[in-house]
Every structure is written in C-alpha cells, then in structure tokens.
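Shared between the two complexes below is chain A, which has chain B as its partner in the first and chain C in the second.
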Partner chain A sequence: MTPGNRPYFEDIELGSEIGPRELVATDENVATFCRLWGNPMPNRFTDPAIAEKSGLPGPIVPGVMSMAIMSQALTDWAGPESLKDLDLVFRQPVPHNQPLLISATVTDTRQDDGENLVECDVLMTGTAGERYVGGTALIALPSKGG
Partner chain B sequence: MYLDLHSHSVSSDDSRARVEQYVKRVQFLREKGYTVDGIVLTEHRKFDFDKDYSQLAAEYNLLVLKGSELDTRYGHFLVYGVTEALAKEINLADVRLDARELMQAARRHQAIAIPAHPGRFGIGLVDYMEQGESFADVQIVERLNGGSRAGENERADQLCVEQNYRGTGGSDAHLTSQIAACLTSFPTRIQNEQDLVEALLTGDFTPVWLEDTRQG
Partner chain C sequence: MTMELEYNRELYGVEHPAGPFEITGELIQTFNRSIGETNPVFTDGAAARAAGYADVLAPPTFCTLLVRNVELPDIDLKFGRTRFHAGQRVQARAPIVAGDRLTASSHLKEVYPKTGRSGTMVFEVWETTFRNQDGAVVADVQESYAARE
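And then the complex of A and B:
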C-alpha cells in the first residue's frame, strides 16, 4: 500500500474484491444533495406524493447521487484522482433509508500509454440481493516503481 | 458438462461485459478450481446471427453458444436453437410477444423457449399463474437465476416441485464478474445449439451453483 494507505498497481490481482461498503441514503441526505445540486424541492426525490404521481413506489435516490456514492467508494479506495471512467446502468429505483451495499470486483489489469489501469465491475445492491445499479469503472493506480 | 444458460454481452443494451471478458473470467474461475464448460449468450430481444465466437471459444477451450431472451406478456423467455426461420415467424424485438405462441413456434423450428426467472416478483411466470393463467407447453423453467433477489429462486423451486417442471440454471450476467454464478449440469456432451435443445428435451439436467462445480 502507498503511504496514504492506497493500493499500488502491483498489489491488485484479477478477482480482487473492493468493499462492500454499506451506507444508507437518508431523506435528509437526499434533501441536502438536491439543495447542493440546485434541484428545486419538493420533487420526486424528496416528496412521496410527487414520487407516486411519477409511478414510483416512493421517493428515490437521484441517479447522479447514486453515481456520486459509487464514485466516492472507489476514490476512497484508490485516491481522489484515480477514477478515469465510470459507466453505469440504472436497473431499479434506489430507495431512501435502506442499506445500500457498494462493491467492486477487479476484472482486468493492464498498462496502457504509461498508465497502470484497473478495470472493475461495480455494483450497488440491496441486502436482499436487489441489483440497483451496476457497471464498470476504470481506475489508474500508482506503481511501486514510480 | 456445466453450461451457464443465461448471460448478456454488450450486444444487450443493459450489459457492460464483452464476450472476451467473460471468456477470460471463466479462465480465472477454472484456475480457482471451478468447472465451467460453456456459456450461452442470451441477448435481449434479438439473436446475433452475424456474430461468430468460434475462434475465441477455441482459443480458450470454452463452448460459446448463442440464444435469446425475449419479452412476452407473461415475462421473459429464454430461447435456445434460434434459426432464421423462427426469427422470420416471430418478431424477436416485440416486447409483448404471446408466450404460448412463442413456445409453439420455437418447437416448430427445432428450438425451445423456457420461462426465465419465473419466481421474479411482479414479472415472473409464478405471478401470472397465481392470476389464473395456465401454460400447457411449459415443462422446463429457469430454476436458478444468478440475478434473483431473496425469495425468487425459492419461488421457482416451489413451482418446479408443484408442477413437476425440470429446472435449468443461469447467471443472468450483465457484468464480467457475474458470469457462471449459476449453471446447468448435463450428463451429455453438447457442442452446438441444436445439441443443447436436444439435451433440454431429454429432461436430464440439473441446476447448480458455481460452488457445486468446484474440484477437490
């Protein structure tokens, strides 16, 4: 590991697991996110009646917030400037106030154009196996050789 | 042999896994002691007539077959042995196919259509049967699905027991790391899609978890 407790490229093996990290996106978290995002409230992310009118079971976590949550899990592991690409598919509405599990699995490692790249599958799931969001991430890591 | 009968490559709009990545992942699983002999790419609402994975399959000594996962008014159906003649008779892209017609058309063209993830809440065959629908041509269902939520495979189990259906297994992989989470064990050697259809028609197969294939 680096002095900042971040992994080196050489530490990573195919199949390595990152996480799972468990967190809950509370009503308050979502409202704060919407305020910072500039999304006028109430909206389908914060208000049960508006969500229901949109055909949703309840207020949902905004897609861009889910993306931020998953990005943060990866950058906390690999460093703030490590994330090169994140390609996600939103499969189910992400609920408020429920445990969310963020995990990743290394599927490829390669050196490309001077960068040490790690490709991962990344998932946001529920505790009953719900696949909320899934996709791939490309992460650049430092080498022990500098 | 152990085949994953349900997977999606980037040819399906909601998958992010290339076939090459699946094949390499299977090599990784083999190195860890698991047995995976083949995968079937069951792309959503289509059949990739123009795609040929035989060279890749030979390079990695892995069977790579093609099928479809089609949308019907009674849930998703996996179709094996798709031919151009079947694709002319059935609009594979139709999201409201008649499941009964699909099953019969498949058999007329030496293919087979089976319900995918029948225990899935809200969209699985179990829900439609509970509403009074009956499906005389169903004899096989996907009993183990790697993408199931808690309780969904159990519903499929119960359906198989109650209706005396045979059950398959498939990962429903949309990402590389999900391939081969569930498989189907066949006692016979399968080399192509038609062999697979014939093996399914014999009823001699069982669904397994990846862990069940581990050697030693």
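And then the complex of A and C:
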C-alpha cells in the first residue's frame, strides 16, 4: 500500500474485490443535492406523494447522485484523481435512508500510455441483494516503480 | 429484424452550447456535503494546495450536475409512452478546481433500439464536452434516456 493507504497497481490482480463500502443517502442529503442540481422541489426525489404518482415505491435517489456516491467509494479506495471513466446503468430505483453497498471486481489490468489502469465491474446493491446500479470503471493507480 | 425509428435526424452534428459555469468552492463543498464526501483534497483548500492543486479539487463526477443546464431539444421520437434516465457515463480528462470557469457543448450521439426480456426500448444518447477557461477538455459526459412502450 502507498503511504496514504492507497493501493499500488502491483497489488491488484484479476478478480480482486474492492468493498463492499456502505453508504447511505439520507432525505437531507438528497434535498441538498436537488437544491445544488437546480431541480425544483418538491419532486419525486424528495416527496413521497409525488414519487407514488410516478409509480415509485417512495422518493428515490437521483441517478446523478447515485453516480456521485459510487464515485466517492472508488476515490476513497484509489485516490481523488484516480477515476478516469465511470459508465453506469440505472437498473432499479435507489431508496433513501437505506444501506447502499458499493463494490467492484477487477476485470482487467493494463499499462497504457504511461498509465497503470485497472478496469472493474462496479455495483450498487441493497442489503437484500437488490441490484440498483451496475456498470464499469477505469481507475489509474500508482506503480511501485514510480 | 431491423426497426425503423422515427425521430429528428437533423439534430446530428448540431452542437448545443451552455455556460459559462463558475465553479466556486461553495458549489464543491455543497456537493461534498450532499454525499458525505470527506477526502481533504475535495474539502480543504490547504490540503488541496499541499497536493499540488490551485484550490479544492472537484470530485470526478461533478460535471454531471451541470448537464441539467444544457438545453437539449426534443428529438421528436415516435416511440414509447414513458421515458427515464437509463444511464450515465463520465470520462474525467483533467482536474477541475474551485475558481475554474467551464463551458459545455452537447450533441446527439446516437439513437438505437434494444430488445430484452421486458420488450423493446429505444435509447437516446447525448454527449456533453466540458472545457475550462484555458480551452482544455476536463470531462466528457454521456447521458442515456430510454423510451419504453
């Protein structure tokens, strides 16, 4: 591990598992996000009645915010400027106030144009195995050789 | 079987500009607060400067917030009754720090049908390129919307 407890490229193997890291999006988190995003409230992300009218079980976490949460889990692991590409599919509505488990599995490692790259399948799941968000990430890591 | 999609193909090759967006430290801090981000390079100017940045670094998906401000035209797709945000991709090209001034340019990338277990859906993909005040590309964002019968 590097001095900041971040992984080196050489520490990573095909099939290496990252996480799961547990994060929660509270009602307050989502309201803060919607204000910043400029989405007029109340809306289906903040209001139970509006969410139900849209056929949702309750207020949901916006996809843009789910992406930010997954990015956070990955940069916590690999460093603030490590994430080069995050490509996600929003599969199911993501609930507020519930544990969201973010995990990744390494599918490829390669050196390309002076960068040490790790490709992963990434997932955001619920505690009962719900697959909320899936996709791929490309992460650059430092090398022990400098 | 190929499906003949009906929509406004004249939108291909047309760029839709937006901005400028002033990326203030306050915007980055609010973004951090909304997701519970605590990495000092994103939250603390002194730590960011010690790491070699001019000011706090924006987390890598920050630009996705700004896509909402790009006025994307209706492609007039003759398919489906409901439409939802199906996916999103961010390619981070260069650091974005507090004090940067970004501009955006969006275009229709592709429209395609996909048939799966739940029937046929039509995906509409927009691509937005963000540049900073020096003209450097800092991020490419793809937004994918799906129309369903």
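Observations on the structure shown:
What we mean here is this: the second predicted complex is superposed on the first by the 146 of 146 C-alpha atoms of A that agree within 3 Å, B and C clash if a C-alpha of one lies under 4 Å from a C-alpha of the other, contacts with A are read in each partner's own complex, and residues count from 1 in each chain.
Just so we're on the same page, contacts are C-beta pairs under 8 Å (C-beta built on N, C-alpha and C of every residue); 3 or more make two chains touch, one makes a residue touch a chain.
Just so we're clear, the structure is a prediction, and the values are computed from it rather than from any experiment.
Contacts of A:P40 after superposition on the shared chain: neither chain B nor chain C is touched. In the superposition on chain A, A:G63 makes contact with chain C only, while chain B stays out of contact range.
Within the superposed three-chain model, A:G135 lies in touch with chain B and with chain C [touch as defined at top].
Applying the stated contact rule after C-alpha superposition, one finds that A:V89 touches each of chain B and chain C.
When the two complexes are overlaid, the chain among chain B and chain C that reaches more residues of chain A is C.
After overlaying the two complexes on the shared chain, residue contacts for A:N29 are found with chain C alone; chain B is out of touch.
Of the two partner chains placed by the overlay, neither chain B nor chain C lies in contact with A:G114. By the document's definition of touching, neither partner reaches A:G145: not chain B, not chain C.
Applying the stated touch rule to the two superposed structures, the overlap between the chain B and chain C interfaces on chain A comprises residues 87, 89, 135. Residues of chain A that touch chain C in their complex: 23, 25, 29-30, 32-33, 35-39, 63-65, 67-69, 71-72, 75-76, 80-81, 83-90, 135. Across the complex, chain A is touched by residues 14-17, 21, 24-25, 28, 32, 147-151, 174-178 of chain B. Of all the residues in chain A, the ones that touch chain B in their complex are 14-15, 87, 89, 91, 105, 107-108, 121, 123, 126, 128-131, 134-136. Those residues of chain C that touch chain A in the shared complex are 27, 30-31, 33-37, 39, 41-42, 51, 57, 59-61, 64-65, 67-69, 84-92, 95, 142.
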